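Multiple structures follow.
Look for chain A in each of the two complexes below; its partner is chain B in the first and chain C in the second.
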Partner chain A sequence: MILQALSNGIVLGALFALLGAGLTLVYGVMDIPNFAQAGIVTIGAYLMVALAQGAQLPFFLAVLIAVAATAALSVATERLAYRFVRTRPLAAPVVALGLLLVLDNSALEIWGGDHISLSPPYAASVLQLGPITVPGVGVAVILIAAAALAALWALLRHTKMGRAIRAVSQNPEAAAIIGIDLERQYINAFLISGVLAGVTALAYAPTYAVFPYMTDSVILNGFVAVIIGGLGNVWGAAIAGLALGLVESFGAVYLSAAYQTLIGFAVLLAVIAVRPGGLFTGGARRIA
Partner chain B sequence: MTRGGLTYPALCVLGILLFLALQYSNAFYSGIIASILIWTVAVSGLNVVAGLGGYPSLMQGGFYGIGAYASTLALNDGLALPLAILAAIAVAAIAGLLVGLAFARTRGQYFAIGTLFFGVVVNLVLTNGASLTGGPLGLSVPLAFASTADLNIAIAASAAAAMMLVHAIGRSRIGRHLTALREDEDYAEHLGVPTGRMKLLGFTISAGFGGFAGFLIAQYNGAISPDLFNYTVGFVMFVALSLGGAARLAGPLLGSALIVGVPDLLNLPSGAGMLLVGIVFVVVIIIAPDGLIGAAQSLAARLRARPAPAR
Partner chain C sequence: MTDDIQGRAPLRRRALAAAILASGALTAAQPAAAASVTIGAILPLSGLFSTLGPPERDAMQMSIQKINEAGGFQVAGQSYTLTLKVLDDESNAATVGISDYRQLVGVDHVPVLIMTDSTRAYASMFRRFPVPVLNILDSTWPSILDVDPNLFLLRSDTPAYVPGGVWYLKNVLHADRIAFIGSAADPYSGGIEHWVQQAAAAYGVTITADLNYPAGTTNFSPFIESAMAGKPDAIYLGGVTQEVLPVAKQLYQAGIRNLPIVHDSGATPTQAEQIIGPSLYNDVMANNYDFAGTLPQTSTSPATQAFYKSFGQSYNEYPDDLTMWAYDAPYVVIAAMQKAGTVTDQSAIYKAMLTMPVPPQTISGWIPTSSGALFHERDARTLAEGTRWCTATKTIAPAFLYFLDGLKFTHQDVVANGCAGQ
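== the complex of A and B ==
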C-alpha cells in the first residue's frame, strides 16, 4: 500500500515537475503566469492522436511534429499577445486566461468534446517491481520528465542561450546593459516552454483521457509547484512538483481520493502563510 | 468613479428601464437580460476588491456558488426569504474573510493563482459533499418569490443597487484607502493607511455581493448544480470586469452584457462562443488597457482636445 502510493506519487510528481518547470521558466523571464500552457499541452495531445492514430504516422514521428507545433504555438502566444502586456503585470494573468479560452475552445471546435485516448506503443507494457505495479505509461512519465529536466538543466547551465535567459531572469536591466537582446530571450523562453508543453502532452495524455479541458485542473498543480518553489525558480518548481505529487498521492490513499486537489490547495496555503515568497527563494532570484 | 450628483437618480432610472426590459421582453431576451443583470451584481462586487483595490481576484465565482447553495439550503430548512438572503450574503462574506486572512500577505500573481485555486476547491466541495449539496446533480431550489414580476423587480433593483453601493463605497473612506492600495501598497502603508484591515474589508464586501448574486441565480434557475459554479466562472467574471472597465461604475454592466449577452444573442454553441469571447477579450485588453469605457473616455477626451479647424 505504502509502496504503491509512493510509486503513484512519483509518477504524479514527475508530471507536476514537468508542468512547473515550463511555467516557472516563462515566469522568471517575463513575469507571466502562463495559464495558456494548459491549452498548448491539450493541443499537443490532440495533434499526437490525430497524427499517430488518424494519419497513421509512426508514433515517434507524430510526437516530433506535435512537439514542434507546440513550440511554435507557444512562441506565437508571446509574439501575438504577451509581448504587448509585458509592462502591465495585472493584465498578464487576464491575457493568459483569455488565451487559454481560445486554445481550449479551438480544440473543442476542431476535435469535438469526446474523451479519446492516446495509445503509445508502450501502452500495454507493465513494470512489476515486487509488490508494486507501475503501468508502462507511468514509467514513461518518470523517464520523460527526468530526461526533459536534465536537458533543461544542461541547456540553462551550459549554453550561451541558457546563460542569457538566466541573466534576464535575474536582472533584465543589467542584462540589457551588457548587451543581451531581451526580445530574443523572451522568445527563447517561450520556445523552450513550448517544447516542454509538447513533452508534457506526451507524458500526460496516455495516462489520462484526451479532451478539450484535460489540462485545466492539472495545470493548477503545476502552479502550486511554481509558487512553492518560488516564482521563476526552475529547480524549486521541479522539487516542489515531485513533493506535491507524493503528498497528493499519500493524501488520496490515507485521507480522501475525492479531495486530492484540496490537499494541494492546503499545501499551497500552508506555504503561502509561512513564506509568501515561496520556499526556495533566497535574496536574489535565480532560475538555475 | 464618476463625478456629479446625478449618478443615483440615473441609476434609479436605469433600474426601472431594466425592469421594464426584463418584464416585457419575450422569454428569450428576458432570460439573457436576467443573466446579464445577475452577473452585474457579482461583477460589481468584484469591482471593489479588483477594481478599487487592484487585487486580481479570480474567485468571485466561488462566492457566487456559496451564495446559491447557502440560500437554497436555508430555504430548504424552511427559513423565510430575508433570512435566506442573509444566509447567502453572510456565508459568502465569512468565506471571503477567511480567504482574505489566508491570502493576507500574498500579492499580485501569487494572489491570482491562489484565488483561482479557491474556485476549484469550492467546486470540489460542492461536487463531493453530496449529503449537503446533492453532489454532481445539485439541488432543486424552492422558489421564494410570489411571481415572475416580483423576481424581475428583485433582479433589476439588485443590479441598480449594486452599482449604487459600489459607487458609494468608491467615494467613501474605504474606497479611497483601497485605491491607495491599488496605486502603491507599500507607500499607502507608509502614509498610515491600514492596508491589512482594508484588504480584509474589501474581500469581505466583494464576497458578500457574490453571495447575493448566487441567491439571485438560484432563484432564477430553479435548480443549481456544481457545474454552474465551475472555477472558470471566477475568471470569466474577472474578464468581464476588465473588459467593461475596472474601477468604473458601469464597467460590470457593460462587461457582463458582452461576456454573457453577446454569445447568447448570437446563439453560438458554447465552444465557438467562448472562442470568440477569448479572442475579443485578448484584443481589447491589449489595445484598451482600461477596458472599453476607459477607451471611450480617452477617445472623447482626445476629440475634445483637438483644436477647432481653421475656417
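== the complex of A and C ==
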C-alpha cells in the first residue's frame, strides 16, 4: 500500500512539476500568472489526436509537430496579448483568464465537447515492480517530466539564451544596461513555456481523455507548486510539484481519496502561513 | 345616367359573383391545406453536452418528416402537420436554457415542450409557465418527476434497471463482493450508488468499498487502489459514459484486467472507441457489462431494427437508446393531442398524457401499465437490458433482459451466449 502510494505520488508529482516549471518560467520573467498555459496544453493534446489518429501520421512525428505548434501558440499569446499588459500587473491575470477562455472555447468550437482518447503506443503497457503496478502512461509521465526538466536545466544553465533569461528574471533593468534584448527574452520564455505545454500534453492526455476543459483543474496544482516553490523559481516549482504529488497520494490513501485535491491546497495554506514567499526563495526572485 | 349605373351595376355584380364562384370552385378543387402545429424542444446543440443534442434533434426531425410526408395527422376532424422548433441551450441550462424556455413557452406558447438534461435547473420556470414536458434522458434518482407534476419521462427511471446489474453480478457472474466507484458531482451517479446499495442488501452482495471522486478528478489511482484493497470480485462504476469509460480505462492501465466492470452508461461501441482510444477499447471493454434501457442495436423488433439502420445510413452514426426515445417523442405528442381533441389546450393535452396508450407507431418497446397506459406514474418504461461486450465483433450483445417491480423481477431472461448471435 505504501509503495503503491509512493509510485502514484511520483507520477502525480512529475506531472505537477512539469506544469509548475512552465508556469513559473513565465512568471519569473514577466510576473504573469499564465492561466492560458492550460488552454495551450489542451490545444496540443487535440493536435496530437488530430495528427496521429486523424491524419494517421506516425505518433512521434505528430507529437513533434504538435509541440512546435504549442510553442508558436505560446509566443502568439505573448505577442498578441501579454505584451500590452507588461507594465500593468493588475491587468495581467484578467488577460490570462481571458486567453484561457478563448483557447478552451476555440477547442470546443473546432473539435466539439466529446471526450476523445490520445492513444500512444505504450497505452496498454504496465510496469510491474514486485507489488507495485505502474501503468505505462504513468511511467511515461515520469520519464517525460525528467527529460524535460533536465533539458530545461541544461538550457538555463549552459546556454546564452538561458543565461539571458535568468538575467532578465533577476533584474531586468540591469540586464538591459548590459545589452540583453528584453523583448527577445520575453519571447524566449514563452517559447520554452510553449514547448513545455506540448510536452505536458504528451504526458497528461493519455492518462485521462482529451476534451476542451481537460487541463483547467489540474493547472491549479501547477500553480500550487509555483507558489510553494517560490514564485519564479523553476527548481522550486519542480521540487514542490513532486512533493505535492506525494502528499496528495499519501493523503488520499491514509485520509480520504475524496479530499485529495483539498489536501494539496491545505499544504499551500500551511506553507504561505509559515513562509509567505515559498519554500525555496532566498529573498530575490530568480530563475535558476 | 342612374339607369346606366344601375344597368351597369348588375353586370358588374354578376361579373364579380362569377369570379367569386370561379375562385371558389378552384379552391374546392384543391385539398384544404393542413394547419401546422409547432412544438418546442430545448437541446444542447453546442457546448460540452453537444454529443447529446444533435442526434436527438435529428431523430425527432426524422419521425416528423415521416409523419408529414404521410399527410400529417388528424385531431378532432382537422388535418395538421407537425413542426419542431429547437432552441440550443449551449449546454448551459441555468442561463441560456431558461431564456429558451421563456421564449418557447412564454412567448411562442408551444403546447408541448421536449427537453433532455439539467431538468432541475428549470424548476422555477415550470411553476411560472406550466406546460406538459416530455423529458428524453434525465434518469436520476431522486426522480426528476418529483420536480413538477407536468413532467413526463420517456425512459425507465434509475430504480428500474440498476438492481438488475447487481443481481446479474451475484447470480450469473458469481461476484459476492463489489466495490463501487462513482462521481460525487453527478446526481446520476448518486442515484446509481443508492440503488446499488439497496440491491446489494436485497440480493446478498457485500459492498467492499463505496468511493466517490470529486468533480474535476482525472487521476483515479487512489480510488482504484482503495477499491482494490477490499479484494472485490467486481467493480461497479457510477456515472454517465464520459465518466465511466475513463475510469474503466485507468483500471485496465493499472493492470486490473480480469474483474467484471459493471455500469449503467448505455455506452455505444462508437463512444467506447472514441473515449478509450482505437488501440485499447476492445481490450478495456472485454469485461464490461452495461445495464440500462433496451438499445436499438440489440432490439429484435423489426421496426426498431429498421430505425437503427435507417438512422445510421442517414446520419453516419448509429443511434443509441436516447436517440430512439427522441424518435418516438413526436408520436407521443400527436397521440396525446388526438386523445385530448385539441392541439393548443395544454391542460387537456396533459390530462390525455396521463392515461394515453402506447402509440402504435413507436419503436421504443414501451411496456404499458396494467390498465394499458403508456406512463407508469408519468414514467414510460421499457424492459431493462444488460449488455456484454463481444471482443470478436467489437460490439455489444444482450446478456440479461428484465423488468422490475421494486426489487422483485416480473420478467427475467438471461441470455447465455449473446455474442454468438452477433
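Everything that follows uses one rule, which is that the second predicted complex is superposed on the first by the 288 of 288 C-alpha atoms of A that agree within 3 Å, B and C clash if a C-alpha of one lies under 4 Å from a C-alpha of the other, contacts with A are read in each partner's own complex, and residues count from 1 in each chain.
FYI, a contact is a pair of C-beta atoms (placed from the backbone, for glycine too) under 8 Å apart; a residue touches a chain by one contact, two chains touch by 3 or more.
Quick caveat, the model's predicted, so the values are computed rather than measured.
In the superposition on chain A, contact of A:207 is made with chain C only, not with chain B.
Contacts of A:261 after superposition on the shared chain: both chain B and chain C are touched.
Once the two complexes are laid over each other on the shared chain, residue contacts for A:101 go to chain B alone; chain C is not touched.
By the touch criterion defined above, A:89 lies against chain B but remains apart from chain C after alignment on the C-alpha atoms of chain A. In the superposed pair of complexes, A:31 makes contact with chain B only, with no contact to chain C.
In the superposition on chain A, A:231 makes contact with chain B only, not with chain C. When both complexes are overlaid on chain A, the residue A:249 reaches chain C alone and has no touch with chain B. When the two complexes are overlaid on their common chain A, residue A:40 makes contact with neither chain B nor chain C.
Contacts of A:269 after superposition: chain B is touched, whereas chain C is not reached. On chain A, the surface patch touched by chain B in one complex and by chain C in the other comprises residues 108, 113, 212, 216-217, 258-259, 261. The touching residues of chain C, counted against chain A in their complex, run 46-51, 91, 184, 211-219, 221-223, 225-226, 229, 242, 245-246, 249-250, 252-255, 274-281, 283.
Of all the residues in chain B, the ones that touch chain A in their complex are 54, 56, 58, 102-103, 105-110, 112-114, 116-118, 120-121, 124-125, 127-128, 231-232, 235, 238-239, 242, 271-272, 274-275, 277-279, 281-282, 285-286, 289. On the side of chain A, the complex with chain C involves touching residues 1, 4-5, 8, 11-12, 53, 108, 112-119, 121, 123-124, 126, 128, 133, 135-138, 204, 207-209, 211-214, 216-218, 249, 252-253, 257-261.
Chain A meets chain B in the complex at residues 27, 31, 33, 81, 84-85, 88-95, 97-102, 104-106, 108-109, 113, 212, 216-217, 220, 223-224, 226-227, 231, 258-259, 261-262, 264-265, 268-269, 272-273, 276.
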